[in-house]
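Chain naming follows the written order as A, B, C and D, and within any one chain the residues start at number 1.
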Amino acid sequence: MTQPLSIAVLVGSLRKESISRKVAEAAARLSKGGFSYGIVEIGALPLFNQDLEGGAEPAAWTEFRNKVRATQGVLFVTPEYNRSVPGALKNALDVGSRPYGHSVWFGKPAGIISVSPGALGAFGANHHLRQSLVFLNMPALAQPEAYVGHAAQLVADDFSITVEATRDFLRSFIAAFETWVRTLQPHA
Amino acid sequence: MTQPLSIAVLVGSLRKESISRKVAEAAARLSKGGFSYGIVEIGALPLFNQDLEGGAEPAAWTEFRNKVRATQGVLFVTPEYNRSVPGALKNALDVGSRPYGHSVWFGKPAGIISVSPGALGAFGANHHLRQSLVFLNMPALAQPEAYVGHAAQLVADDFSITVEATRDFLRSFIAAFETWVRTLQPHA
Amino acid sequence: MTQPLSIAVLVGSLRKESISRKVAEAAARLSKGGFSYGIVEIGALPLFNQDLEGGAEPAAWTEFRNKVRATQGVLFVTPEYNRSVPGALKNALDVGSRPYGHSVWFGKPAGIISVSPGALGAFGANHHLRQSLVFLNMPALAQPEAYVGHAAQLVADDFSITVEATRDFLRSFIAAFETWVRTLQPHA
Amino acid sequence: MTQPLSIAVLVGSLRKESISRKVAEAAARLSKGGFSYGIVEIGALPLFNQDLEGGAEPAAWTEFRNKVRATQGVLFVTPEYNRSVPGALKNALDVGSRPYGHSVWFGKPAGIISVSPGALGAFGANHHLRQSLVFLNMPALAQPEAYVGHAAQLVADDFSITVEATRDFLRSFIAAFETWVRTLQPHA
């Protein structure tokens, strides 16, 4: 019996009832199977500061890094703040990328769902995040791109998706993401 | 007698001996006069979280917003983390942009100096920051662009700049920045 | 009597019935007065090639440069092709930027309206264009940003705008653009 | 006996003695074998114009599309023009992406080498190109990134690379690119 592949889900918004978190929960439920999705929390990470490196680093940093390191892929679900990635999510990327030479991100395949209450689908956050993933050596799924707009009422209390076209789209996105993650796993 | 125009200097790195901080200090000393530069610290700002809004917000947020609000322009001096803006600096932008309709950034002219120990001059951070400034309605100086590479030994202990060409360049940058800030002040 | 300020309008799509062209025509009609808008055509410009410089350059290049040089500001109205600026528009920027030291763009204030038949409003083209404008020293209006989505039926045959909210928005955009261009004119 | 995998090399500059072209020639010579590299010319492509679609399209478009379609991967070697992709190269992307539903790019793995005479390594062109590749569904090699700066004297007349560190780097880049292309070939 094979182990499921483990996916770290990073949610770019910290508020409890965030739309992105709900979309993340809903998307994980659309898995075709063989994958285990778990949100890795980023809200308690102290801001990255190089002066804190090398000695007793914040325990939250270490814990976060260990959780990500144990996974085989990363799914980002994020809103846009000021036309870019939320500071909290960027900070999580920064924390995980250090210390130099020990990045937890290196080589992990990634997928991105950007989410907005408005029309533009958080395009700016989506592509700024992609630029960071190039540096972090996280091959990111190209197609389908996932810009989820008008998302305020999209996810019901049971994490089902209320709009059929979006549900179908996210199902195909997750299928493509899972194929992508499998394709890019290191060979045994 | 006219008051000097006050410039908030935001430094993208939190470590005490950061190159960006030194470049910021050095650049401020190249002012043509009539301006007052002061670093506004960003390292103690809790990560932006909408759940903290509306009630007793973190005192550090309020203090930060008040300091920026009292200025007439903003100078960003920042390294690049993972091909983008450091999480700490992006978080400061996010905190200052809230609550909705009360952004402290709105209308303030801006300048950007991106700084790196390597060759590329933190180009990625520079332009990701610019994309946010569009949304924040902060007109950003176009030319000269300031990509300060190979910056590790650039600033001496007395905050003089050790490379003459870079000193001359930064002097012309600051002159252009100050003209830019003056041109875009609201009329009395 | 003062001369009107002359605005070069660059349309990113070459097809005759392009939505962007119609939006450009419609936007020009919303002027508050004191401005003269004229589309400068880009479809006949040979691809920029440095080997053609220095001798008998293509007449179309010279003509294009002369037309832009005679204006006091530039309004870009463009679709997105493949998440970026259409090649034809980028080529026009390249042609106008040469030869080195003789760019026709230098110092001209700019505005950007990005247009799409879909929801995303050509965000990718809008911000890629902005990155070029930084280098070209064209200060670009920040707010309001203009992402015109669902634009297929937006402009009637008489160049009126069929959706009231969009008409009001574009009127406020043009007003802000014209203030921006005036503010950044060199002093007599 | 297996066929070599065929790589379309797209060079972003049109001039005959372009540095990017020389770097492209030099890079192809560093292949580990099993690949066949060929430059697909882009300088004779008429600007994309939707009005030309559907009937007798320019023969140069058809020829270009056929050449790209016959390959198993794409290597872009490009300078930066005005902080973005040269218009000629963007036009080639646009031409190859049409007509709708018949893009020649779809699914082809890609690599990017950006080249500049200065320090910044054409970072802006590199990442703008990546944003287009996401839409075109061309998975782009993440690491190593290739920003080739100070490139004016880099390639000798015999297409050897004069700087040893750069030669070693480009060899490792090509090795990673070839692994990437192999990994992402559709299964037989």
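Rule of thumb we're sticking to: a contact is a pair of C-beta atoms (placed from the backbone, for glycine too) under 8 Å apart; a residue touches a chain by one contact, two chains touch by 3 or more.
Not measured: the values here are computed from a predicted model.
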Exercise. Is the C-beta contact count larger for A-D or for B-D?
Worked result: A-D
Problem set entry | Far-end chain from chain C, centres as C-alpha averages | A
Exercise. If you average the CA atoms of chain A and of chain D, how far apart do the two points sit, in angstrom?
Worked result: 30
Problem set entry | Interchain centroid distance [CA atoms averaged], chain B/chain D, Å | 37
For this session: Two or more other chains in contact with one residue: find those residues in chain C.
Result: 83, 124, 127, 131, 134-136
Exercise. Can you list the chain D residues touching chain A in their complex?
Worked result: 127, 130-131, 133-140, 142-143, 145, 183-184
Exercise. Can you list the chain B residues touching chain A in their complex?
Worked result: 13-16, 18, 43, 45, 47-51, 81-95, 97, 124, 128, 131-132, 134-136
Problem set entry | Residues of chain A touching chain C in the complex | 83, 119-121, 123-124, 127, 147, 149
